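There are two complexes below, and they share chain A, which is joined by chain B in the first and by chain C in the second.
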Partner chain A sequence: MLLPNVIMFSIFTLYPVCWVLKYMFYQYDKVHEPIFIGLDNFVRLFTRDPYFWKTVGNTFYYVGLKLIITLPIAFIVAVILNRKFFGSETIRSIIFLPTIMCSSVMALIFYLILNPYSGALNMILQRLHLIGAPINWLSYQNALTTCVIVGVWGAIGNYMVYFMAGLQSVPQEIYESAELDGITAPQKMFKITIPMMMPVIKTVVMLALIGSFQDMQSIMVLTEGGPNGASDVMFLYIYRMFFPVSATTASTAQYGYGAALSVVCASIIGIVTFAYLQATKHMDDIY
Partner chain B sequence: MKKDNVTKVVATILKVLFLAALIVFTLYPVLYALMGSLKTNMQLVLGDGFFPKTWEFKNYVYAFQKLNFFRYTANSLILCTICTVLAIVVSSMAGFCMARYDFPLKKALNVLYLALMFVSLGSVTIYPVYMMMNKAGMTNNLLGLALVITGGQASNIFLVRGFVNSVPRDLDESAKLDGCGKFKTFIYIIVPLIRPIIAVVGLFAFRNAWNDYITSMIFTIGKKSLQPLTVAVVSLRYSVNAAAEWHIMAAGASIAIVPILIVYIFTNKQFISGLTAGAIKG
Partner chain C sequence: MKRFLALLCVAALCLSAFAGLAVAEEKTKVVIWTNSRADYDYVLPCIEKFNETNESNIEIVYEVYSDNYQQVLELGFETGNGPDLYCTSGPVWSNVTYNGQGRPLNDMLTEEQYAFFGGEKAFVNTINMKDGDILSLPYSISTPRLVYNKDIFERAGIEKVPETFEEVIATAKTITEKLSGEGIYGFAINLKGPASALGRTLDYMMGPTAGLINGYNFKTGRYEFDKVTEIVAFLRQMFADGSAFPGCDQLDIDPLRTQFAAGRIGMYYSYTGAEYGVYTNQFVTDVDWDFGPLTGNGTRVGLQNADGGKWYAMSIDTKVPEAAFEVLSYLESLEVLSGSYEQGLHISMIDEVIKNSEVPAAIQAHPLMAKQETDGLYPIAPTGVAIEGEDYYNVFAGHILGIPGYEDLDALAQDLNARYNAALDKGIADGTVKEVVYPNFDPMNPAGSMN
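Presenting the complex of A and B:
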């Protein structure tokens, strides 16, 4: 009974990992037979590929900004909705809604909304006289930040639910006894809720970190990493090494190099996660 | 006392404004798609009002008849059904085994599941799988695609295992005494008791299959008639007169959105609690 899963796990999870670990040492493209070239892919990656490091920089910008915007909003919503009131469940369901939507289809809709001339966003802003001329949201300067906002749209509900589960675990008696002592609302927030939630916050930040590093589906549809690489993230770059056919760029597939890139990316995420866990080690001591 | 009341009112107003802004931000793109699908292209491109002036149901007729969306919808439904069934069957059986039985290499398998859950190689893994499936003649084939989307299921196995662990072992033992084999125990004793988690696994499998884009796109690259909705909708962006056909894009997007919305309206509690269960165990 375990067998079907073991087979599927080996084929779809284990096999690709082994494949990547092998071909990262090869020069391998569509035309030629794979040639063993040792560490040359890594030498190229670290010394001759500034574009890759640009995508790494973009990725960090994307992840950092997305977390900074998403998590506080999600936390505040969770705190507000934690106290039941009329309609609170409906609001929770609405805010969770983007989580079940297809990010590529929604990215297409955002693409329409953000269109500089016929898009709804510029029209609304112009009618409210907030901006004079249409803004090109997908220009070189704005594209990456726009992608972040679309990412935030899809992520708030998810982390809200995590935070709400965490808030449920804070024992109610603490609040009750604090209220007897005449605690004020901000004190309640900063002296009880946030410290008690620290272990949960720590875990949620880690999940958000790992998850955001892998976002590429909506960026792929919204900007394809463009214009001119302005919103290219590292996994999208790798993707093009394997499947170079996109609407705007055409290049040849480089499987070996792509494999090496993906190992480096996985290591980057691993290092960031590890550093984060080390840095927040003391936070578990709250209890 | 009076000052207290004032701060309370201000706090409430701020809360309401905050929630209202967030709801608008969340719902606007979805409503834009749904409303846009019923507008004329002219109205949509000119941004003339939020509600449709004339209700253009012919956008849908056009998508279904001219653009073959019946086909894509059927593809999506078939794909989702296979994925949901596969995920439920495979991961519940495996989770049951991991929870109840000892076998050689169990520890190693466990470590492997856990380790690879956290290694993110991104979309790279699609390529070797694609080549292998290609050799096996399983590309451009909905069953093959469903297998790939279902994949290793490691996190679901941990979910099921945790749930099976909470079922008392005595039940298994007594079933065994009554002459139930492994398989019968699973079907008659375990499955009815772990139904809630099976529902969660199925629901999330359905969502993932319905919303998958990259894998589906790659595996149907040679055969447009097998594309699921997501791929077909996004490809509208690149079609020849994409600039002129926003209303059709909106209609296509709505066709992809509405079914999952309907599922969500009836199951949002399970979705939300399922996510929490997954996060705690995972």
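Presenting the complex of A and C:
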């Protein structure tokens, strides 16, 4: 019974991990034979590659801002839509829709809306006389924040569903007995709903954290990490090590360095997740 | 019962016969991938005709890919789902075909075909051959020029097509000052992808102004980016003047073309082999446009590099090399090439095709589309050089856009020299990069001085 699972796990999980753990010590461009270079990929990463650390900084900015915006909005929307009213099902579906859309298509649509030369947003703002000249939403200064907003738009529906599942797991008897004691609506929220949902919130935040660290598809389509790395994130940087993009000239894949970057990035996410779980241990003790 | 069994046997026999027929009728599929969209409307009927008329039971499956073509191609080959024939223009030649994916065609190419394509002068190492192996057949020649809107020039009172850096800067400024109120700007460049933008400007301007390709000096075997800073400074100046179209940092080439087709851009740089097809078939426009010369500093030290000498390559992994070569021979036949040339969809480098075709209307209308005496085929710079940090496209794009941290152009060039030459030396030392030095290299005669 276990054999199919073991085979699939070995092929799709174990083998890639072992591959990465091997080649992080090699210089390998897939054309020539791999050359063992010891720890040089890591030396380069820590001492000779400031661009990578720029992508790490961008990633933390992206993750932090995305979570700060997404989770409260998703929670509030979940609370509102958890009640049945006319059209609530339709609104839920509309908000959930971006989650099932292909993120690259979504990003392409946002590019058409936001680009500074023919974007719909600038046109609308100009017709409403809210701005004089078009704003470059994807400029060096604005690109990363714009990517966050696109990411938020795509994520709210997903976390809304998680929060709704959590809200529905809170026993109704607790609310009923509290109402008999004359509890107010804000008290209900802060004294019952949120405390009872702490384990769910903890899990949702962890999933959002890991998911946001790995976001790259929409950024790749929207800005390609530019201009000049302004919106480049660490997984997009790794991607380019394996699939170097150059429209007109020779560019060389760097599998070995990409493998080393993957290990370091996975470690960064692991450390952040571990720290988060340690810091939120008490959230399990609510019940 | 016996009758039933007999019926069953007959039915089984019929089924196997039909199955046999089905197998016999199964066609040999030859899959072609390309990133060329401009000639799609011409090539497709040619392929349909081949599929209907060929006697070898071959079916061509023709697939066109948009941006990220090289990535799609590499992924296809890595997963065993790659094409049999693929367009090998631009970086795909050096990154994919030259790096081992191309199947040598020497054993299949006939003497007649060799002569048809131009013989020795058309088959050149690093351009369509590697160490004597023919990896692609000669086809077209294409190189960037200045593309300008004649109507805008007229409205802005500009009479002379600019040729030097100073003239282009002044022209862009004049257009912007006079017409920006209508949303018309003097100059645009597709800097969303710095490699694509500078690959059609800086890379081709550095041949005539500095005798380099990709910053590489074939004579010394070193990268010398300090010699190309005047080109970068020229492009920067138009941004500093406010003459650049707003949002150039987010422009891909096709959105740029749509804005040009809408009459909102005075000048940009692009390829002779692409723009006519683009504005005839893809983004049809009423704009009266033409090619001007690629901009220089007024003193020529080398020819202008032209991308050419190759079209399709055959994958080393193809299971049907004979069928693929039959398809390749058809696509590079006089019939197909002549039709494409006459329609202005490519600029032929094959004398036989030029001789047997009418001068295309496109070249009559845009004379600089044709190959000029100042255009030439350069060898390719060393491949496989693994750079640490940002490549020169990103670095120079940062300067052109005026991004903080990229202000000091000389320091940027020195840093690029150091990093590129270190990577080159390392690659040569560990055997992953082949040293490329031509001591007698003459940029005014690049293909003839590679020894």
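What to note about this one:
Keep this in mind: the second predicted complex is superposed on the first by the 269 of 287 C-alpha atoms of A that agree within 3 Å, B and C clash if a C-alpha of one lies under 4 Å from a C-alpha of the other, contacts with A are read in each partner's own complex, and residues count from 1 in each chain.
We take it that a residue touches a chain if its C-beta (ideal position, glycine included) is under 8 Å from a C-beta of that chain, and two chains touch if they have at least 3 such contacts.
These numbers come from a predicted model, not from an experiment.
With chain A as the common reference, chain B cannot sit beside chain C without a clash.
By the document's definition of touching, neither partner reaches A:Phe75: not chain B, not chain C. Of the two partner chains placed by superposition, A:Phe163 touches none, neither chain B nor chain C. Contact with chain C, but none with chain B, is seen for A:Gly229 once the two complexes are overlaid on the shared chain.
Shared-chain residue A:Arg44: touches chain C; no touch with chain B.
Of the two partners chain B and chain C, it is B that touches the larger number of chain A residues.
By the touch criterion defined above, A:Met8 reaches chain B but does not reach chain C.
In the superposition on chain A, A:Ser118 makes contact with both chain B and chain C.
Of the two partner chains, neither chain B nor chain C is touched by A:Phe25. Judged by the touch definition given at the top, the superposed model places A:Phe243 against both chain B and chain C. With chain A as the common frame, the single stretch of chain B that clashes into chain C is 133-141; none of the other options in 61-69, 133-141 or 187-195 do. Residue overlap on chain A between its contacts with chain B in one complex and with chain C in the other: 111, 118, 243, 247. Those residues of chain A whose C-beta lies close enough to touch chain B in the complex are 1-2, 4-6, 8-9, 11-17, 19-20, 73, 76-77, 80, 91-113, 118-120, 123-124, 153, 156-158, 161-162, 164-165, 185, 203, 207, 210, 213-214, 216-217, 220-221, 235, 238-239, 242-243, 247, 255, 258-259, 262-263, 265-266, 269-270, 273.
Listing the residues of chain B that touch chain A in their complex gives 11, 15, 18-19, 22-23, 25-30, 32-33, 36, 44-47, 89-91, 93-94, 96-98, 103, 109, 112-113, 116, 118-129, 132, 147-148, 150-154, 157, 182-183, 186, 207, 210-211, 213-214, 218, 229-230, 233-234, 236-238, 246, 249-250, 253, 256-257, 260, 263-264, 268, 271-272, 275-276, 279-280. Across the complex, chain A meets chain C through its residues 27, 29, 31-32, 35, 44, 48-51, 111, 115-118, 133-134, 136, 138-140, 223-224, 226-230, 243-252, 254, 257.
Residue ranges on chain C touching chain A, taken from their complex, read 68, 70-71, 74-75, 90-91, 94-95, 99-100, 191-196, 199-200, 203, 214, 245-247, 249-251, 255, 258-259, 264, 380-381, 383-391, 393-394, 397-398, 401, 403, 406, 430-432.
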